[in-house]
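Following this line, the structures themselves.
You will see chain A twice below: alongside chain B first, and alongside chain C after that.
So, the complex of A and B:
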């Protein structure tokens, strides 16, 4: 086998072993309750009507979350990608910010706003309920819709629009030409939001909303049966798989179609003229309501003497550990993601190998965590299970798609003829990679690393289940401190997470700007 | 660029190795899984480190996540235990672990003096430092309600609160009443509460805030929630309910220490259990913000923390309550909706 084919395949196989084996281990345990092959674990769950009700309720909540994100995200994407509003880059960054931190921080911010005894106190029962879940998750995941849709809008075929404008108004062109062109990426983003909402653990636990991923584990905790717990996780795996099968069937043939690009450049479809200030005010108002208020509440509450000192004393170690875990996770994601992307670009990997990482990305973190425990918790592998390696492996399994996507986007900009010419000259694959592709995509790779780093930093669902004793990362510590911790201190920790996200977002923006220029 | 990448890779590898080695087992360490709130338990564990020189590696749980957190993890790790000790925040959880065969019987010398009803006869777990289910009452309400039966008083219609009984100590309290009173009488109380317009909140803290803000007259909460509002200067008082003859008594929610069977550092685990059950730890937890009631008689407490010898606790059959906890879930779920 040629090196060009063998190394990407090896990289993909390595990742698949890390990511898929835990799921297979979980499946095996669910099929062998008490050590004997059988479907008892499944019949236990699905004979209970409440499980079906709960599953239906969870699907409904996730669908409503996708609906809210979609309804707000589509017009926002048009305004950010196809108008001449000033400061669209900053607006985009502001709207993306909630995606870069654990959603539970937004939930906590809201809970600090709607306090009993204040005017907003009447909203507290709403926040701590299904409506609160939909609102918080809708706001937290709306950036997914914006990123996908705005990217697609920025790449739409301008000549079609120009032809349309010859005989119709701009609104009609938007409805009849532009939006239909981005319907598939838009739909894909809604599916992704749906899956991410179904898999979220932190927010429903904090808001005490019964959802399947959390409730199923609750139900079996007292009657412990790992097989049953694993069986309970299977519907989520099936729903996620079905969602992505739908995505594949929707006609998006390449994950690369979702790749990031310059969202705010290009010829605007709408010139806002004198309405600019109104739209700008409206957009910032929307940001304020969806993200600014909870973040502002955290900032205000953290401004108490000694709050930051106490926050660092309580969570400083976790902060550093999170940085280290995220750096390691992001590096592995980058290396393997790049190799897989390269394999996909050169067709040495089949197309489905681009979808599998996306499926893992959308898989609920606790489900993957249960699988990791099933696979690695053995005396012979305690050197993995009892150390940060277990968490880093989980991060690699879940976030490979990020390194793969951004690498794909970068590689797409490198003329293939360069590597082909070098190959004809007899230069080896490794040398071609080091000498041609890597230097040309280095900024893209840095962007990929930053994106992966941010997602590894914000991970809560996986971290809560598998962090090693004495090695909790920041999101897990934040979550544990929320129970009876001093609000000012918790807010200060949230602000520190926010600050880190801002720094990395700025670095990412600078990297992408340099890349586009 | 290449040098930069190599340097980055080197740094990451170093950090990985440091972290891996730093988190690996050693003879001078103990691994504890903790369901008690981290803000209260971590200082105790740090004190243990100072006193013994044994490094504590902890996995913490939260009030919100405890049903999916370390309890699940302990059970998931049954075949290859990673933990030496489980610090439960309720006896019921400790009892479930015992029933699942995870508890290593250990009769700690520090348990002497703790009343028998808070100790497993088989030494699978031992209770210490308890919260109590108390009424937080607006100071201006006269006379102060003194029993949970006050929830049924028409004078308080729509002016009481209780945390969602699907979670936390409210669930355990409900299960204890079902065991003590039987299904009919317990359901009569809960149904009556609902008919009298009780507000169901997300947590005990929320219930306490409703009373502190004047929106509700009283609520059944954990003693630490009541004490913290008193400390904040709110015009509320804490009432220990049902202390009269013929009344059920106050429901205590002790912590429990469980030595895990097959844990990697059994001897250090015993030392930690001894430390947790000691009078000194109980004194510290009484003076901490959690304001927990020591189960050893005669331990010094601050004025707002009642002493065990002056309380009439509810008689609780822990194994039956553990079983009842699951049996009443459908009723509680329907009740809470």
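So, the complex of A and C:
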């Protein structure tokens, strides 16, 4: 096999082993409770009506989350991508910010806003219930809809709209031509939001909403019934798989078509004219309500004397560990993600291999976590199970798609003929990669690392299930403190996470700006 | 009074000047070719008339009415009642052939039965009736070309703007479609503004050729 084929295939096989083996191990464990083959673990869980009610409730909550994200995300995407509103880049960054932090931080911010005794206090019973879950998750995941849809809108062929403008008004063109053209990426984003909402564990635990992802964690953490934990995780795996079958059947031929990219310039479909300031005010108002208020509440709450000092004393170690885990995870995601993207671009990997990383991205973190424990929790592999390696492997399994997507977007900017010219000149694959492709996409690779780092940092589902003894990452420490810590200190920890997200978002924006200029 | 008129228009794209102080008048039923090399501003002139761009300076008139002036768009593209065939055709991939023709008619409030009649008649004219329910992607290059032409003409425009519509076709198909365009123009009587860089094509199509120089931008 030639090097140019072997290395991308090897990279994909390595990742697939890291990602798929835990799921197979989990399946095996669920089928062998007490060491004997059987369906006992499943019958124990699913003979109880509560399990079915819980599963139905989880699906309903995830669907409502997708609905809220979709209803708000679509008009927002049109305003950001197809109008001439000033400062759309900053608005986009502001709306994307909630996606870059653990959703439980938003939930905590809201809980600080609706404390008893305030005007908003009447909303407290709503927040700590299913409606609160839908609202918090809807706001936290709306950026997924915006990123997918706004990107697709900005990439829409302008000629198709212009041909429509010759015979119809702008609203009719939007409804009849523009929106149908982005229906698939929009639908795909809703499916992804649905999957991510199903897999969320931090928010339901904090808001005390019973959902299925928490059930799996409870079986493991509270009862240490691993067979039951694995059996409880399986329905979520099946639901995610079914959602992806729907995505594949929707006619999107390759996953690269969905990759988020920056908004490009070009002629807007709508010129806002004198209503510009109304729309701008409305958009910033929406941001304030969906993200600004809870973040502001955290900031105000954290301003108590010595809150930050105490936060660093209590969670400084976890903060640094999270940074280290995220950096290691992002580096692996970048290296393997780039090689897989290169393999896909040069057809040395089949198209379907681009789908598997997306499936793992949408898989509930606790499910993957239970799988990782099923695979690595044995004496011979304690060098993985008892060290940060288990969490880093989990991050690689879950977030490879991000490294792959951003690398694909960067590689698409490099004409194929550049590498071809080197190939006909007799230059080997490795040298071509080092000498031509890598230098041309280095900014894109930096962006890929930053995106992967941000997602590894925000990860809650995995981080709460798998971490080495004495090596708890920030989300795990945060949950411990939320149970008995001082609100000002918890808010200070949240603000520190928020500040880090802002710094990395700014770095990402600068990298992308440099790439496009 | 001219049907289409550009009066001393200038258009810049950033630092690049696409058109400088350019004027053009087209009368009803006239066939005019804009001939010139790539980048000389032919397409920009077409887009200014269509209302897809606004001149930085100068004036655009449609049927004697002010359509745009000095950076200000007065008449929206859909109100100019012009037809246009784009270089890349811009067929709507999510609609059938009939759907591509129907969209504009529906937007103008034509009742359903009349829409069907008009679509039927136009597809018959361009010999595509049997492909009414096909997607553009299922058609050959020449058939797609005819769909684009039919979509522009079904609305009964007074003028048709064509932006190098035949440039991507082989010589035989190019000649055949020229004939078809001419036949349709004679039958329907619309004014034709045809952009090309091919002098033979310009001579075959137009009864007046406007040459645009390289020095314009």
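The rule is short, and it goes like this: the second predicted complex is superposed on the first by the 507 of 517 C-alpha atoms of A that agree within 3 Å, B and C clash if a C-alpha of one lies under 4 Å from a C-alpha of the other, contacts with A are read in each partner's own complex, and residues count from 1 in each chain.
In this text, contacts are C-beta pairs under 8 Å (C-beta built on N, C-alpha and C of every residue); 3 or more make two chains touch, one makes a residue touch a chain.
Keep in mind the model is a prediction, meaning the values are calculated, not measured.
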| item | value |
| --- | --- |
| Combined model on chain A where chain B meets chain C, clash or fit | fit |
| Which superposed partner A:481 touches (first chain B, second chain C, both, neither) | first |
| Partner chain in contact with A:181 - chain B first, chain C second, else both or neither | second |
| Dominant contact partner of chain A by residue count, chain C or chain B | B |
| Which of chain B and chain C A:160 touches, first, second, both or neither | second |
| Partner chain(s) touched by A:205 [first = chain B, second = chain C, both, neither] | first |
| Contacts of A:306 with chain B and chain C, given as first, second, both or neither | neither |
| Superposed arrangement, angle subtended at the Cα centre of chain A by chain B and chain C, nearest 10 degrees | 160 |
| First, second, both or neither for A:50, with chain B first and chain C second | first |
| Which of chain B and chain C A:169 touches, first, second, both or neither | second |
| After superposition on chain A, the shortest CA separation from chain B to chain C (Å) | 33 |
| Overlapping contact positions on chain A, where the chain C interface meets the chain B interface | none |
| Residues of chain B touching chain A in the complex | 1-2, 8-9, 12, 15-16, 19-20, 22-25, 31-33, 37-40, 55-65, 67-69, 71-73, 75-80, 82-83, 96, 100, 164, 166-167, 201-203, 205-206, 209-210, 212-215, 224, 289-290, 322, 325-326, 330, 333 |
| Chain A-touching residues of chain C, taken from the complex the two chains share | 50-52, 76-78, 80, 82-84, 86, 88, 90-94, 103-104, 107-108, 151-152, 155 |
| Residues of chain A touching chain C in the complex | 157, 159-160, 162-170, 172, 176-177, 180-181, 183, 267 |
| Interface residues, chain A side, partner chain B - complex | 50, 115-117, 121, 124-125, 128, 201, 205-208, 210, 214, 217-218, 221-224, 226, 229, 321, 324-325, 327-328, 331, 366, 370, 373-374, 377-379, 382-383, 385-389, 392, 434, 439, 442, 464-465, 467-472, 476-477, 479-486 |
